[in-house]
Every structure is written in structure tokens, then in C-alpha cells.
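A, B, C and D label the chains in the order they appear, each numbered from 1.
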């Protein structure tokens, strides 16, 4: 009864490129985060892609849904950029029945001391183990069903729809 | 539908006393941790006590149970030292029906860079919102019912019975 | 006999803008860094500007030199972006005799857990107190005279000439 | 012209033993700290001992002085517990002429996020390269000659005599 964690990139994994002075992707920090959390739950981590979710196309979302459908686990966490997390959740919801799938991300990259990432990862892993089958977004302590959430870009927070 | 967080001390909140070179308690770090996690769930934080759980007597456990029973919230997180967390969970289970109560803690103080505290706090808050009424221990991604868990002191981990 | 610290921005002070997902300047972290270093030396911190050193024009360098010449202190640290640190050092060397002036910066922003900033700040403050009058660049434990240093941009390090 | 760094333990290197809930010594953090500081100065690190300076006896101080006298380098940094740092400095001053030797330490262990250790290490390495031969204590931005310093234990700071 292990949990599958699929990595897709997003703010979670952005780090500083000291030669260019910009943020980029290198490798995922999720394994290091699970170690820091001293995670005792069996977890299989798979890197599907490492990208900014604003650059994600429909075919990437389909690939993520495919990975969710075909893996053995029924409890799945997906790390994902926040900007289009809800779009990907919708594609998964249409394609993957009978599993508990929780998308999560971070407002601040894990490489920053002030990151919310570790809190969110602990939260997403817990919701994946305790909620009934369905597709959810878990951010900053809250969990939303995929069809009742949007990112408020002015405020930088996720909120339920009316 | 906010969550109540009761603070009792434990490794979570230990910090370094530079005049004596030892670990001690000053004030709780839980509010700062909720800010770092950018927690969007309504949370009421109350400090009940700040102590090492090895020093906790039965009367303190009764006081914690009393606070759980009399507060308005039905979703409760308790931060607690790991050594006697299970003992306190038992006292609460006998005294507080109909609420979801999750005890959590840390193996490494939050003041250390390598602390598992933020992960555990995110996890406990999530289980408190998603599990049915009962008393639980949430540590390092796992959740246990109060009557199916013990701390393995040699290995420094929580594990299920039988 | 206090030390003057002039802030000009640079990698040191870059932080994450969570609404845009990019790095920007808000306020300087230098006071917080001096507190973390529990600095016992009398230090006067003045923010002259907050900018990327690639955007710095000659007039800004002249303004920095002017501030160095007219302040009371004879021991000065300047935090500065690394890309044009040597250019500013040259302008100061031409304009400010008789003071010990040490430019420093960081390869990784202080807001990142892995920043070299605190090490460099401790180093620069120490060289400012111990070297004879002159203009220097102090980075990553090394100190260079202003006319014997360049940034190797491929390797991302400072090195002496010839 | 590399710098020798001798490790003797002290607050610098204390870490949390999660099985006992106390602070202890395991291995030195100094190499990791030099990496974080991206130290470009050639440095040879040698662990002489790992102990609380309150437990240090005269024979240990003699051994430290011996290591300073017999190593090839003339610029030396010693990490040391703060409580008896001045005592060790005195033993070295009597025994090792002609070298620049800087003792340093930390008020907060490096393993804590709030440690002053990285600042002090950057500072000590810089003073070791820039001061004339002699034995010094460098703490929190200040440098003192060995015969003009004491630790004020009530305030937890180093201060000059008279």
C-alpha cells in the first residue's frame, strides 16, 4: 500500500542558476524533502517531467493522466506548478477513475528557506491516504475537489468556487 | 469550521539556550510554522503547556483531554513530545468522543534546519480535516489509531502494533 | 570606530516574488544577516540603491564613491552584484583615498538556504577592519586588490589577474 | 599558501541526537560550511578532537598548540568551544611564535537555522589571512588579541579587557 509520487516540476523544484542569475530546473528536491520529513510511508517517486506549468501543453497533461491510470498504486501525489494545476486536475479527473489523486505545489521554491513546500508535501501525502477516490488540489493546509477550486492570481492563493 | 491546535511542548519547540549550551523551551514555533506553510485553513492556536513529555504527569494529560472536550472545534491537532504521546492519546480517547484529534510531534526540533516538524504539522492538519472522529497519532507521513501505535525508542520511529 | 555598510543590491538581496515567479528586490537582508552573525562590531547600514549590477550606470558608481568619500567612517563594506563589482571598485579607487573599502556579494541569494552570503559578509567585515587603506573585492574567503581581480563568468568565480 | 583549519569541537559542531533528545558530537560540519561559503581559499581541515571546551584538559590544549607548531601552514584557524577558548589561546601563544592563529566558535550550533557559525568562519578565515603573526580570538565580527579578551558568561559575548 505505498503511495506513488509523480514529479512534474513547478515552483517546488525551481532553483537558482548562479551563472545566469535566474531560476531554472535541475533535479527534483522531492526525495530530499521526504528524507527531511523522515517519511515512513512507502513512497515511489517518478519524475515525469520538470517544467513550468505555464509551458505545459495538453499532451503533457494527458501523459500525466496516463501515468496515474497505469501505475499500480491507488494513492497518488503529483507535484505541479500552481498556475495550471487545476487544468491538469481536470484532465486527470476525466481519465482516471477509482484512485485518490492529490495535486500539490508550492508558492515558494523549496530551495528558499521560507518555502511552504515541506508543509504542502506532508499535507498532500496525508490527504492521499485518507480521502476517498477522486482528484483533489491540496495547497497550504486546504484540500479542494478538482471541480471546486481556482488559483486567484492577484492574491496568489487557491480558493473554492462559490 | 476552523481547526484547533493545542501546544504542549515536546521536541517541536525545543530551542538552544546559548548561555547554558542546552536545549530548553521558550515560546512555541507553531505560529511561525503555520505562516511558513502559508496555512489558509482557519486555525486557533492555544498553548496549554510547554514541557518535555517525559516530565508530563497524569494531571497534565487530563488537562489536555479537558481542553479538547470543551473547545468548540471538532477537528483538533495537538503538538506533543514523542516519548509519551501514546499515553496522552489514550487518556484523550477515554474522555473525548465525537471529535477528530490528531497528535503530532517531531524527531528533530523545528529550530534545526533538518527538522521534520513542518512536514508533520502539514500532515496532522490534513488528517484532522479528513479522518472520521477518533484519536490518532500522525508522524512522518503515517497515521495510526491511538490503540495501534507505539514509539520504538531504539529506532526512534512510531510503528503499528501486531 | 564603527564600520559603514553600504547596500547597493545584487544577488545578496534578491528574493522570490511569488505572484510572478521571478526574482526581484524588496528590502535588504543585510540587517537580518548581521543579527544572525550576532555582529558585535558597531555597524552603520545605509541603503544607497537596490539593483542588479548589470543595470548599474556610471552615475550610480559615482554616487557610491561619493558616499564612501563623504561618510565619517574609514572602514567600509559595500554589498554589490558580482557582475560589475570590479567596475565599481575601479571608480571608487580613483575617487576615495585613505580608506579601507571592501566590496562583497554572493553567488546565491541570502533567501536561499544554500547562500554563501553570510560567510562573505563575515569575511568582508573582517578584511575591512584588518587591511590597510585601499579598495578590495572579498568573495568566498579570498580578498583581491581592485586592480588584480576579474569575475570569470563561465566558472562563476573571482580570480586574480596574471 | 593555504590555511590550516583545526577542529576541536565546541558549539559549532553540536548536533541533535534524536534518540536521546540531547546535543552531542558526531562529525564536524566545517567542511560543509566551507562548501556553503564556496570557499576558494586553499584550506586543509584536520579534526584534532570533538569535545565540549568545558571538558578540555591542559593536555588537550598542549596537543592543539603542538599541532599548530608542527603544521606547515603559517595561517591557522581553530574552531573551539567558547567557554575555554581564551585558555587555549594562552597555551598556544606561549608555544607557537611566528604564525597567525585565529580561534573562533559559535554561540549557536551550525545545525540550527539561526547559527552565527558561517559568519564567524568567514570572519576567522579572513583575519587569519590579513593579521600579523599572533594569537587571536575572532567572534561575531570582532577580533581580539589573546591577552585582551574574556568571555562574559552572563551576557554570552566576548569583550576586551580594560
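Some notes on this structure:
Assume a residue touches a chain if its C-beta (ideal position, glycine included) is under 8 Å from a C-beta of that chain, and two chains touch if they have at least 3 such contacts.
No experiment lies behind these values; they were computed from the predicted model shown.
Looking at subunit B and subunit D, not one chain touches each of them. Averaging C-alpha coordinates per chain places the centre of subunit A 38 Å away from that of subunit C. Spacing of subunit A relative to subunit D, judged by their CA centroids, is 44 angstrom. Per-chain Cα centroids separate subunit C from subunit D by 26 Å. Those residues of subunit C in touch with two or more other chains are numbered 107, 113-114. In terms of inter-chain touching, the protein chains here make up one closed cycle, each touching precisely two others.
Applying the touch definition to every pair of chains gives A-B, A-C, B-D, C-D.
Remark: subunit C residues 11, 14-16, 18-19, 21-23, 52, 83, 107-109, 111-114, 153-154, 156 touch subunit A in the complex.
Per the touch definition, subunit B reaches subunit A in the complex via residues 33-34, 36-41, 43, 107, 114-116, 118-127, 129-131, 138-143, 157-158.
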